[in-house]
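Each of the two complexes below includes chain A, the first together with chain B, the second together with chain C.
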Partner chain A sequence: MRKYLVLASIVLTTAVVAYVTTYLGALGPLGLDTRYLAKLFLANTYNPAHRELTAMSPEAVTSIVWDFRGIDTLYETVVFYMAIIAALAIYRGVSYSNVRRGSGLSLIVKVVTKLLIPINIAVAVSIAAHGHLTPGGGFQAGAALAVVSVLLAVVYSAHSFVELGVNLSRAVALRSAGLLAIALVVFTPIVISALTGTQAYLMQNYVKVDSAFSFPAHVQSQLISGTLIWFNLAEFLAVSFGFFIIFMLLSLREEVVREWVGKEDEH
Partner chain B sequence: MIDEIARYVGLALLVAGSVINLIGAVGLSRFKNFYLRLHAATVSTIGGTFYPLLGLVIVSLATPELGELRFFMGGSLLVAAFILLLLAPAGSHALARATHRAKISRPEPVIVDYLAEDRGD
Partner chain C sequence: MDFSLVLLALFSAVGLTFTYLAVVEKDLVKAVIFSAIQSTAYVAILYLLRAPDIVLVYLPVAVGLYPAALLFLIGKTEKVEEE
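For the complex of A and B:
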């Protein structure tokens, strides 16, 4: 009886919400200006005829994320950066030196994982390097590469990070290199135009009405979409090693972390 | 003619996959304990995903209207099917092994359990 009551209430709620939102127009009229904005983006993501408006990329999402609203994405990256700094601050002083080697999962899973990891890395790199042509981009590629760290910790052992030479400070250095590369791409137009005595904007991609600076959209007839490929690759580095840091910290055993935190409390 | 036959074979695999998926879903919710449910889950990953992917490979290769793109589609589907064939058994093996070691679920009915005897339980 109870089951039917739940079922009936779900169906009734769905019907009421659907009726109110569509026939009664509870969400208000469908915004025509929103459609106009969508049309504008779709018309300009790849439009060689309007170089001052286009992002020269057939991938509308990457164009919007790294060109039309680039500064918004830059701040999102900064938020992610701060989150990892917070995690590192909580785990400060914890090192991998006294992590013991675990036995991991069975041989079957280990062999399959050994086959999977190169495929995983190849997929991640291709998501990043094709981010301006196909769905994907730096963040998605970074998340795909971070899966490798989870596989290593779960299937082998957290000690495999030590064996592979991936330690926390190296991961932090690589992530910072990614962020510095983003900053470099952001400031390049300003620096170059200052040297040549013209004007440019932060994060500028192609020529604007009052600025002649432009990143190359093609390299030997291969579309690279100006800044988009550089932003994607740099974000890939930053995000993948950011996630690496998080998963390396989370895969530490609780006793190891407690030992370190307890040591600090004694002082 | 051969294209037509191949396409129907591929579509038949697709339909068989959806039926197997339905059977797997029913088994997953109705079977009594963990090991039986795991069996139902693997039925729907191999039977319900691997074979439909193979069917799509055949359909895409047997559709000349797609042009050169059909080799690209068929190839990537074949790679996806191969990776799935590797991963699904490894995943269910890891789940079953972990459950057996942790003694979370008892296989029922159990006739003989050499693994537990070897471990001395």
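For the complex of A and C:
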């Protein structure tokens, strides 16, 4: 009975949503014409003629994410940073040194994974480094690289992190390096403004109407889109090692964690 | 008729079916696998809707990281949902 009720509700919802979005036109004039806001972004994402408006990147999404609404993304990064601090706080005192060597999965899976991991790393680095040119960016690349941590934990067991020399403090250090790099790019215009006495703004990418400060858009005629490439690479580091920390902690055996957490309670 | 609309309808149906299966399934490991299949259908939908940036983030998160995190958590708790 419950099954038929669920099925009926799915069919009814689908029918109502289909009717409202097509015959009643609830989505507005979709697909008929490019909307005004989209036109505005497309005209300004790569436009060397308007340096005070453009992000100098053919990738509209990265331009919006790290330039036009850069401060939103900065706070998103902070939220992710805080979430990982919470995870580290729950697992505080847990050490990776006494993790026992697990057997992992079968040899076939291990060999296939060994071949896949370098490809995965290459794809992730490419998504990050080309984030200002093609679809992708720091978070996408970080999530792609984080899959490596899952593969290591599941296929080779948590001990593989120890063998590869990736321990928690190193992962935290690399993640902090990424966040420091983001902060450096954010505050560079302010520091230069203070040193030279000129006007500049937080997270400024290129010249504005009342400010001459600008990050270089090209290096050796290669388009790097000012701050965008640096933000993407730094976010890549911060996000990928943030996920590494999470999966290193989650892949620990429950007994090991209980042993450590119990130890702390005794004090 | 635009062929991408047919594909959209097809992948939506696959996504909906596996969402339903994931919700009613009592074995949590199976439910996570159904959820991952549903995410794969959504990846195709997002690609057809010309959102490659979202595809690049949705694919590793929804098919790789999220099921992995859930499986680790199921491993630490109970495999079968109780009434």
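The criterion applied here is as follows: the second predicted complex is superposed on the first by the 238 of 267 C-alpha atoms of A that agree within 3 Å, B and C clash if a C-alpha of one lies under 4 Å from a C-alpha of the other, contacts with A are read in each partner's own complex, and residues count from 1 in each chain.
The rule is short, and it goes like this: a residue touches a chain if its C-beta (ideal position, glycine included) is under 8 Å from a C-beta of that chain, and two chains touch if they have at least 3 such contacts.
Quick caveat: nothing in here was measured; it's all calculated off a predicted structure.
Visitor: Give one word, clash or fit, describing how chain B and chain C relate on chain A after superposing.
Guide: fit
Visitor: Taking the superposition on A as described, I'd like to know which of chain B and chain C A:115 touches: first, second, both or neither.
Guide: first
Visitor: Would you sort A:6 into first (chain B), second (chain C), both or neither based on which partner it touches?
Guide: Second partner only, chain C.
Visitor: One more residue to check, A:105. First (chain B), second (chain C), both or neither?
Guide: first
Visitor: Would you sort A:150 into first (chain B), second (chain C), both or neither based on which partner it touches?
Guide: Touch status of A:150: second partner only.
Visitor: Roughly what angle, nearest 10 degrees, sits at the C-alpha centre of chain A between those of chain B and chain C?
Guide: Result: 40 degrees, to the nearest ten.
Visitor: Can you tell me whether chain B or chain C touches more residues on chain A?
Guide: Larger number of chain A residues touched: C.
Visitor: Check whether A:254 is in contact with chain B, with chain C, with both or with neither, and answer first, second, both or neither.
Guide: A:254: touches chain C, not chain B.
Visitor: Which value, in Å, gives the least CA distance between chain B and chain C in the superposed three-chain arrangement?
Guide: Between chain B and chain C, the shortest C-alpha distance works out to 11 Å.
Visitor: Under the stated contact criterion, what part of chain A meets chain C in this complex?
Guide: 3, 6-7, 10, 14, 61-62, 127, 135-137, 139-140, 143-144, 146-147, 150, 153-154, 243, 246-247, 250-251, 254
Visitor: Could you please specify the touching residues of chain C with respect to chain A in the complex?
Guide: Chain C reaches chain A through residues 16, 20, 23-24, 52-53, 55-57, 60-61, 64-65, 68-69, 72-73, 76.
Visitor: Using the touch definition up top, name the residues of chain A that touch chain B in the complex.
Guide: 105-106, 108-109, 112-113, 115-116, 119
Visitor: Show me the residue ranges of chain B that touch chain A in the complex, using the header's touch definition.
Guide: 83, 86-87, 89-90, 93-94, 97-98
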